[in-house]
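So that we are looking at the same thing, I have put the structure below in structure tokens.
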Amino acid sequence: MMDNAIEVKGLRKNYKGFSLRNVSFVLPQGTIMGLVGPNGAGKTTIIKLILNLVRKSGGEIRVFGLDHLHNEAEIKSRIGFVHESPAYIEDATLNDLKAAIAPFYGKWNESLFRSLLAEFELPADKKFKKLSHGMKMKFQIALALSHDADLLIMDEPTSGLDPVFRRELLERLSALMQDERKSVLFSTHITSDLERTADYITFVHEGEIVLSKSRDEIKETWAVVKGPVEQLTGERRILLKGIRTTAFGFEGLTGDIPAARRAFGSAAVIDRASIEDIMIFMDRGNNHA
Amino acid sequence: MRNLILLDLILHRKFLLPFGGIYAVWVGFYASRVESPRLSVFVSTFLCCIIPLMIFTREDKFKAAAVSCSLPVTRKQVVLSRYVLGWAMMLVVYAVIVLIAAAFPGGKLKTGDILSLNSIFLALAFLTIFFSILMPLLVRYGMVGMFAFLIGLQVLGAVVLFLSARKILPFSVKGIIVSIGRALASLNAHLGAPGYYLFLVAVLLALSAASFALSLFLFKRKDL
Amino acid sequence: MPNILEIRNLSKDYGDFKLKNVSFELPRGTIMGLIGPNGAGKTTVIKLILNLIRRDSGTVRIFGLDNLGDEAAVKSRIGFVHDTPLFYDRLRLKNLKAQVAPFYEKWDENLFQRLLREFDLPPGKIFAKLSRGMKMKFALALALSHDADLILLDEPTSGLDPVFRRDLLSRLSAIIQDETKSVLFSTHVTSDLERIADSITFIRDGEIVFSTGKDDLLDRWGVIKGGNDLLTDETAKLFKGFRRREFGFEALTDDAAAARRRFGESVAVDKVTLEDIMFFMTRGDRRV
């Protein structure tokens, strides 16, 4: 039985105007999971709940098999984190920040950190406030990668970073995964990155988990169906989500490719859905336009 | 916890050293010009207390708490380290202020007055009261809340005094101040007895403990 | 006036970074994507267009006017979004709008209110309380509400989800339909540009590497994959950039058809993405 790096069951969080409801998913050890969803869906909230930055209203979170509240410090010593809004004491230099943070981690690797700083082109004596957003993210990434963390939790780690660095980061993450004890949870809006590296994808929408499956399974199950409007009969409509009709025809998302094939036959074109497609169609909801 | 204390010291040293240094000199100067030892202690300790609070609010200002709390620490350790560091800073700054006050020529106070057992006790009492009240406020409401409270108190005080002078209030503010003064004077009179000192120390410790418990309670529930 | 924006020999020297002789044009009724690695100079170019920083030399003509000589006239027709939306944190959105709107003659209040609704932005909300994505949306709402003829966007979609991004792209496409307006948008999310840009300008190390039509670019260029034995000093010269891996090499060519003819069946020729182009031309083992 594979151990799970993260197990979330029935997680709830109530805010004024927004609530996270009954969130459950599992991150198996040795895998990379992408967390996607529209702005405000709850991705950052989920991540903050796992890190206990925000108090849960109910439910259970286990990390490395341990309760995330009772064993908070122990769990966090094995987590490398990247927040979507990097916030550090602004006029501290990167060296200061490292000097302040490194001692917390038993497995801190100074030479690895220095080589990452060099590779990411981050001058160690520069004040944090003088960095661009992308560089601030890179700094967090450098910190997160420098203490042999067993779990990397990253919230929009690639925002503000150019495609070149993104590709390199993803390759680095994939390389890390060679060690099967390591796992990665990362939320992103750049779904093309996930197509490349994620093993699992979890969709969050309006505070709920809509879908949490392996990428392979998603590829085999979800597709975009397009065809002439006349072909969209009542029976066939039911199979599709997020339908949109234009002068050129209709398009909809199906979660059951075999059924769609049977129902539509050659009347429509059925193409594998990209992660971005799924997000967009799901967001349209069950509006049958 | 040692790591948390070092973290605060490393990250804030550029602010702390100049700010704390200039502050201490300024307060020391003022303290030496005041005639009443009690007033001197009151003002010095109050301003002393502000220094660690300013440091802790900087984290609030930069929203950096999310990072400290993502590190391998519990909320309890964070609050505890702040109390320990806060006290250490206050004592150090107070000592510096006393030294500077003594060093300034032409001071009206005698060093002996400030360093007497009574004065030290008074200082500890004030520090405890200020710190114990302001820390939970800071934790819950942040920098803005703390200042709102302090300014609000002053405004309230001004309003009360104004109304009292116009005889609008049903009670006499002067009367209240006089009776508080008498109570403190009688306290002072008892201060010779060792049992009394122990009692006061116990009260101060209890106040600190209550403040810590409250801060911890608030901080554990704070969403970052 | 065929070009809304014309830049000639624009230069700026910062000491450790220099923008050198940047020239390109943005025709009317088109969308241009500006791509390049972090630090390449994209934001510098945009700031120079807006005269937020002083250029050392060169000319910038917008709507046929000089961007320095007719600064106010030019800016009244420009809508812009910076990569870090900076507004006075403590004000409410409606107050921020009240500060900005009077500068624009063609301010359309109805449109602005509609955009706020569509973007889900409550006018009474304090700017500091918005998430990064929502701050961007607010800046966009302002930029789109005064019938600007040139829309400048510096990383507008950083932090925005695919749903909103796609919506933004369709809005931008709709704006240029009347052929009088243009959009210049710098972004790292190259898949968005592949969807709507008419032309692409690539900046690297302060210089323009190319500025050309997008369709043409994506049709002509390609990614070649083959065995390492095929990658010799001679053949390497044919590529814009390449990478040797254990199992073979990958290389970028600006003439996929020629590569097919040269190598025949021994290599695979794949369609190129903008991301590929950026990657090989900045990080490949060799760059041209």
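Letters are used for the chains, namely A, B and C, taken in the order the chains are written, and counting of residues starts over at 1 for each.
Following the convention adopted for this analysis, a residue touches a chain if its C-beta (ideal position, glycine included) is under 8 Å from a C-beta of that chain, and two chains touch if they have at least 3 such contacts.
Quantities reported herein were computed from a predicted structural model and do not represent experimental measurements.
In terms of the distance between Cα centroids, subunit C is separated most widely from B. Compare each chain's C-alpha centroid with the centroid of every protein C-alpha atom shown, and the nearest one belongs to A.
Remark: subunit A and subunit C have CA centroids separated by 26 Å (rounded to whole angstrom). The mean-CA centres of subunit B and subunit C are about 54 angstrom from one another, to the nearest whole unit. Annotation: 45 Å between the Cα-based centres of subunit A and subunit B.
In subunit A, the positions touching at least two other chains are 85. Considering their complex, residues 36-41, 84-85, 121, 132-135, 156, 159-168, 189-192, 276, 279-280, 283 of subunit A touch subunit C.
On the subunit C side of its complex with subunit A, the touching residues are 36-39, 83-84, 131-134, 155, 158-166, 188-191, 274-275, 278-279, 282-283.
Contact residues of subunit B toward subunit A in the complex are 3, 6-7, 10-12, 14-15, 58-59, 62-64, 66-67, 69-74, 77, 220-221, 223-224.
The touching residues of subunit A, counted against subunit B in their complex, run 48, 51-55, 72-77, 79, 81, 83, 85, 87-92, 96-97, 99-101, 103-105.
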